[in-house]
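Next up: some structures, all given as C-alpha cells.
What follows is a pair of complexes built around chain A, which joins chain B in one and chain C in the other.
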Partner chain A sequence: MNVEAHDRRFIVLMLAPIFLFLVFFYGYPTALNLYYSLTDLSLLGMKEGGTYVGLEHYADLLTSKDFYRTLWNTLFWLTGVSVVIRLVLGLGLALLLNSATLKRYRLTTISRLLLLVPWATPPIVAVVVWRWLLDGRQGMINKFLMNIGVIDEPVAFLANVNTVWPALITIIVWNTLPLVTLTFLAGLQSVPDELHEAAEMDGAGPIHRFFHVTLPHLMPSIVIMGLLLVFWTFNNFIYVWLATGAGPGLFTNVLATDIYIKGFVDFHLGYSSAVGMVMAGIMAIFGVIYFRLVALREFKDVL
Partner chain B sequence: MTFKFTAAATAIALFASGAVWADSNIIFRFNDPESEAMRAALDEFEVENPDISVELQSFAWSEARQQFLREAAVGEGPDVVHIAFVWPRDLGTAGALYPLNEFWEEAPLQAGYDDFIASNLAIGADGGIYGVPWTTDTWAMLYRTDIMEDAGITAPAKNWDELRDISRTIHEETGKIGFGFPAGSGVQSTIWFLANYYWWSNGSALVKADGDGFDVGITEAQIAEAMEYFDSYMKEGHNPQSMLGVTDWYDPAIIEGMTNGDQGVAIVPPQQAREIIAAYEKRHPGEEAPFISAMVPAGSEASSTHLGGRMLGINSNSDEPEAAWKLIEFLTRPEIIAKYYGNQFPAQQTPLAQIDFGATMSGFAEQLAVARTWGAYSDGPAQIGSMWNETGRMFGSAFIGERSYDEAAEELLNTVKDMLDK
Partner chain C sequence: MAKLELRNVTKKYGSFTALDNINVDIAHREFVVIVGPSGCGKSTLLRSIAGLEQISAGEIVVGEQAVHRVPASKRGLAMVFQNYALYPHKTVAQNMGFALKIAGVPKAEIDQRVNEAARILQIEPLLDRKPKALSGGQRQRVAMGRAIVREPKVFLFDEPLSNLDAALRVDMRVELAKLHNTLDATMIYVTHDQTEAMTMADKIVVLRAGRIEQVGAPMELYHYPASAFVAGFIGSPRMNIVPATVEAVSDSAVTVKLRDGTMIDVPVEAGQTRKGDGVSFGVRPEHLALDTTGTSSAFEITVQVVEPLGGETILFGNTSTGETIVVKTPGEVAVTIGDKVKVAPSQPMCHIFDSDENALKQRARGLNGRKVQ
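Entry: the complex of A and B
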C-alpha cells in the first residue's frame, strides 16, 4: 500500500462520522419528507398518519398558477433582486471603506463599527423595527417623506402591491449587507499593492485598475458570497413571514412561507411536504453549481 | 460546607417554588394577554388545592392550535389548554383532547352541563365531550361619540349602507379614519367575521345544513358583493390602505387609533372595547370616555354575529386529568372569572343573565342576545380554520386587485365546496 492510498483511507475514516451524521440528520428527514409528500397527511391526523396518494400533490402543485407565482416571487424578488443588490452595494461599500479618503479623515474604524450595527441586530428585531418605520399610519418614514413634501398622503409600504417588495428587500438588505461588505473588504485588503502600483505605472486609471486588477482578484469571493447568499435567501422564511405574512393577499408568498401556510395554517402536511421537496430540488441545483465551482476544486486539492 | 450550603439553597428554592411538595404538577396554557391576573387566579387555586401545582404558559392565539396539535401528536403539550369555541370538535377527533364525559357525570361543573353556552360545539364526531365553555362574547360596533358629533352624525348605523355613509362622512368632515377595520389576509384574519356578519344579515351563509349533509349556502355573486362592499372603504379612502397590512382585531393600529381619536368607528369583541376605553381613561383622568357601543348593522335581514368564546380542554396525553378537571372547575366559577378575567363574560346562562353591562357596553348585551353559533360551519366536514384562512386570502387577493371580485368569489366558493365534498 503506497502512502497516497493510506492517506486517502485515513481521510475517509476521519470523514465517516460526519457522513453518518449527515445521513441521520439530513438523509432520514429528507426521506421521511418524501414519503409524507406522497400521502394526504394532515396536522389533525398525525396520530393515525396519512393515506398514500401517489404523485397527486406534485400534479396539483405543478398545475397550479399560484405555485408558479410563488416560485417567481422566490427566485426573482426574494433571491435574485436581493442578492444582486447586496453584491453591488456590498462591493461599493467595501471599496468606500477601503478608500484612502476614509483613512485620511480617520473614519475607517468608526465606519466599520457602524457597519456592524445592522448585522448585530437579530432579524426578528430588524423586521419589527422596520415595520414600525414603514407603518402606513404612524411610521417615521411616512412622516419624514410628508414633511419634506415628497408625498401628500401616507403610503402603506408593506400593504401596497407597488411598494411591498422594495420594502421587503430594503429590510433584508439592511440586515444582511454588512457580512457581504466585510467579506469583500477582507478580499480587497488582500490585493497586493504591487499589482496596483504596476498597473498605475503602465498608465492604468482607477476604473481600469478596478476592472483589471481589483475585480479579478475579488471574483472568487464574489462567486462564493453570491452562492451563499442564494442559499440563505432562497430558504429564508422569517423576513417575509414577519413583515407581511405573505400578503397582501398572497402577493409576497414565497416557497418557504408556502410550506408553512400549507402545513401549519391549512394543516395539509402532505401537500406542504411536496412543496418542500420541490424546494429541496431547486436548492440541489444551486448545490451542484456550488460544488462544481467551489467545493470540487477544494476537494481535489485535499485528495 | 459548600456542598451543604448548595443543598440547603436548592431545597429552599424548591420549597419556594412549591413544585416539589405538590402531588400533582400540571401546566395550563393560556392565550389571552391577562396572564398576570391569571397567575394570581392560579395562586388562589394552589392555596385551595395544596396538592396541585400549576405552571402557567402564555401563548399567542394565532399559533395556539397548530402548536398544540404538533405537541399532542408526539405525546407532549400542556395539561389544560385554552381553546376557541370552534376547536374542540377537530382537536377531539384528532385525538389531541381527553374526553370529559366521565368527569361531567361524576363531578358536574357549576350549575350543570345545560347551563353552559354552546356546549354542543364541544361534542366530537364520536360523541365525546372535548371542552368546557369558559367565556363567551360576540362582537359589536364601538363609536367615538366626540368624532361623530364633529362629523354631524347623531346615531349609530342601523344597516351596512348607513355604516359606509357614516364612515365616509367622518373622513370628509374631520379628515379622520371612519370605520377602520383590519383588511389583511394573514392567519385568522378579521375579515372572516365581517364577511360572515354581512352574509348572515343578508340571508346567506358560507355553509348550510342540507338534509343529512352540508352544502354552500351562498352564491358567487353574494360573495363578490361582500368583497366589493368592504373594498369600497379602502377605495374611497375612509379606511386607509395601510389596513391591508393589518390582520388582527387587536392590532395596535386599531386600539391606538380609537384611543387617540384618529379613528371614529371600530368593530371589536368586548375585551378590546374595554381595553380601548381603559386606555382613554388612563390618558384623560376624570374625563368621561367618549364611546358608545352599538349593534352590528343589519342587512336585508336582522343583524347577526357569531357567539364566540373560549373553552378549556384537557390534553389527551395528560398524566393528571383529575387535577386538570379540578382546575377547570375552579376557573369556570363565575366569581373567579369576574375577579381575575373581568374582560370576559362567563359562558354560563345563569351568571351571564345577571351581568350589568353598563351604558357604554350595552351594545354588546344587545348583540349577545341575537348572536348565533357557527352551527353548520362547525357541524360539517370542512374545518372552520381552513375556510377562515381561505376567505381571508381571497378577500385580500380581491382587495389588492390580484383577482377580480368574481374570480376571487369563484375560487373561494369552489374551495369550500371541495372541503364539504371530502
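Entry: the complex of A and C
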C-alpha cells in the first residue's frame, strides 16, 4: 500500500464520525423537514401522516402579505438594526475600555468585570428582568422617566407598536453586547504599540490612527463577529417569544416565532416546515455571499 | 535637516531615573550613534527625541525650536523601528506615502517621491506588495523608505538592523552609511552593537545607566576611552582589563605591577594616583603580541582556546594568577591549547584606570581631544 492511499484511508477514518453525525442529526432532519413542507401534515394527524401537496405551501408563503411582514421584521428589525447597533456600540465600548484614561485611574479590571454581568445573565432571566423594568405600571424605567419629566404618563413599552422594537432590541443588545465588546477588546489589545507609534511619527493624529491602524487591524474580528451575530440573531427565537410573544398581535412576529406559531399554535406542521426551509435558504445564501465578498478578502490580508 | 540639541534631558519613571541630565549637541548632517548595554536608557533617549516619551526635565531643540512639548506627530522627525512597524494592510507604496497623504501632499507628488525613494533603496518591484510578502531585509528597506520620502529634519533609528541575519546586517550597514552621504541628513542611531557604532558614526554617545559615559568620534573612543566601561564596550574583542598596583610614578610614565609580578611602564599622567594604589591595567587584544625576545613587560599566559580566522588568530588564555587574557595576532600562529606563551603589550597603547574606573590621561600619542582619521 503506498503512502498516498494510506493517508487517504486515515483521512476518511478521521472524518467519518463527524460525517455520520452530520448525516443523522442534520441531513436526515433536513430531508424530513423538506418532505413535510410538501405535505399538509397536521400536528393533530401525525399518525395518519399528510398528503402530498407539492409546492402549495411555498406558493402560499410567497404570496402572503403576512409572510413579507415577518420577513421584514426578521431581516430589518431583529437582525439588521440589532447587529449594527451591537457592532458600533461594541467597538465604542472596547475603545473606551482600552483607553489610556481608564488605565491611568486603574479602572480597567473593574470595568471589564462589570461588563461580564449582562453576559453571565441567562437570556430568560434577562428578558424577565427587562419586562419588569419596562412594565407599563410598575416599571422602574417608566417611574424614572416620569420623575425626570421626559414623559407625562406611563408607556407600555412592550405593548406599544412605536416602542416595542426599540425595547426588544435594547434587551438583545444589553444581553449580548459584552461578547462583542470583549472580542473587539482582544483585537484592540493585539494591535502592536509600534504601529501606533509609527503612525504618530508619520504625523497621524488620533482619528487618522483609528482609521489607518486600529480599524484595519480589527476588520477580521468585525467581519467574524458580524457574521456570527447575524446567524445567532436571525435564528433566535427566545428574545421575541419571551418578551412579546410576537405581539402586540403579530406585530413583532419573526420567522422563528412564525414557525412555532404555525406549527404548534395553528397545528400546520407542513406549512411551518416550509417557513423553516425558506429561513434555512436565506441563511445559506447569506453565508455564501458574505464569505465570498468580505470574509475571504479580510483574511487574506491579515492571516 | 537640522541640528539637534539635548539640554539637561532627564526622564524619570516614578523614583527610577532612566535618563539623567543628558547633554548632547548634534550638528546638521551628523551621524550620531547612541550605544550602551541593555537598559542603559538609549532607546528611551531616542523615544524622547521622537516625542513618544515625555521628558521629565530639560529641553530638546531641533533647529531653533524647542520641541519637547510638541507631540510626536508634529515634530517632523522620522523614525525607523526595530520591528519595522509597517502597516500590514497597506502596500509598500501606501506605507511609504502614508505620512505625505496625512500631510495633504498632492497624489502626483506622493507618487513621485515614493518612486524616488524606492529607486534609491532598490525596492521598485515591491511597491505593490503587502509587507507580509516581503523578506526581513526588504521590510527593513521599506521602513527606511517610509522615513526617506518624508525628507525629515532628523532621522531616528532604533536598532534597525538587529532583526537581520549577520550577512544582511553588514550589507545594510554599508548602505545606511551611503544613504547618509546621499541624503545629506542628520541621523541618530541607537544600537547595542559596537561594530555598527564604530563603522557608521561621526560621533558616538556611550550611555551607561541613564548617564553619558563619553561622547566622541569612534577613534577617539577607541584610543582614549574615558573609563573602563567605555574601554570594555568599544572595540572587539573586548579590551583586557586586569587588576594591578601602582609601583612607581614618574614624569613620563606610571609603572604598574600585575598580580603575577610583571612590571609595565604605561605613558600616562598619574594625576591623583600614588604609588601603592590599586588600579586596573587595560590593553586591547590587538595590542598584545607573542614575545620571544624576553621583553621585560611580557607576561606568561596558558592558552585555553585558539580561534584561527585565517587573516588573524585569536588566543584566549589565563595568566598564572587566573585572569583571562585575549590576544589578537595577525596571520596564523603555531600555538596549541595548553601551550604557555609570553605576550608583550605595546606600551603606548596601554591604559590605566583608577579605582573609580576613570582612565588616566594618555601622554605619548598626542592626539588628545582630536578626531583621529
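As a convention for this text, the second predicted complex is superposed on the first by the 275 of 303 C-alpha atoms of A that agree within 3 Å, B and C clash if a C-alpha of one lies under 4 Å from a C-alpha of the other, contacts with A are read in each partner's own complex, and residues count from 1 in each chain.
Please note the rule applied: a contact is a pair of C-beta atoms (placed from the backbone, for glycine too) under 8 Å apart; a residue touches a chain by one contact, two chains touch by 3 or more.
Predicted model only: the values in this text are computed from it and were never measured.
J.: Put chain B and chain C onto chain A via the superposition and say whether they clash or fit.
T.: Aligned on chain A, chain C fits beside chain B.
J.: Is A:A59 touching anything from chain B or chain C once the two structures are fitted on A? First, second, both or neither.
T.: Neither partner.
J.: Where does A:M46 make contact in the superposed view: on chain B (first), on chain C (second), on both, or on neither?
T.: First partner only, chain B.
J.: When the two structures are overlaid on chain A, which partner does A:V150 contact: first (chain B), second (chain C), both, or neither?
T.: The answer is neither, since A:V150 touches no partner chain.
J.: Which partner does A:Q138 reach: the first (chain B), the second (chain C), both, or neither?
T.: After superposing on A, A:Q138 lies in contact with chain B but is clear of chain C.
J.: Which partner chains sit in contact with A:N160 here, chain B, chain C, both or neither? Use first/second/both/neither.
T.: A:N160 contacts chain B only, not chain C.
J.: Per the contact definition in the header, classify A:I11: touching chain B only (first), chain C only (second), both, or neither.
T.: neither
J.: Would you sort A:V288 into first (chain B), second (chain C), both or neither based on which partner it touches?
T.: Neither chain B nor chain C is touched by A:V288.
J.: For the combined three-chain view, what is the angle at the C-alpha centre of chain A formed with the C-alpha centres of chain B and chain C, to the nearest 10°?
T.: 150
J.: Just to be sure I read the superposition right, which of the two partners does A:V117 touch: chain B = first, chain C = second, or both, or neither?
T.: neither
J.: Of the two partners chain B and chain C, which one touches more residues belonging to chain A?
T.: B
J.: Quick one: classify A:P216 as touching chain B (first), chain C (second), both or neither.
T.: A:P216: touches chain C, not chain B.
J.: Between chain B and chain C, once the two complexes are placed on the common chain, what is the minimum CA to CA distance in Å?
T.: 50
J.: On chain A, which stretch or stretches are contacted by chain B in one complex as well as by chain C in the other?
T.: After superposing on chain A, no chain A residue contacts both chain B and chain C.
J.: Considering the complex alone, what residue numbers of chain C touch chain A?
T.: So the residues of chain C in touch with chain A come to 50-52, 71-74, 77-79, 81-83, 85-90, 98-99, 102-103, 130, 132, 146, 150.
J.: Sort out for me which residues of chain A touch chain B in the complex.
T.: So the residues of chain A touching chain B come out as 43-48, 135-138, 154-156, 158-161, 244-251, 261, 264-267.
J.: Provide the residue numbers of chain B that touch chain A in the complex, in ascending order.
T.: 66, 69-70, 73, 90-91, 93-95, 184-187, 240-247, 253, 256-257, 262, 383, 385-386, 389-390, 393, 396-403
J.: Where on chain A is chain C touching in the complex?
T.: 192, 194-195, 197-205, 208, 212-213, 216-217, 219, 301-302
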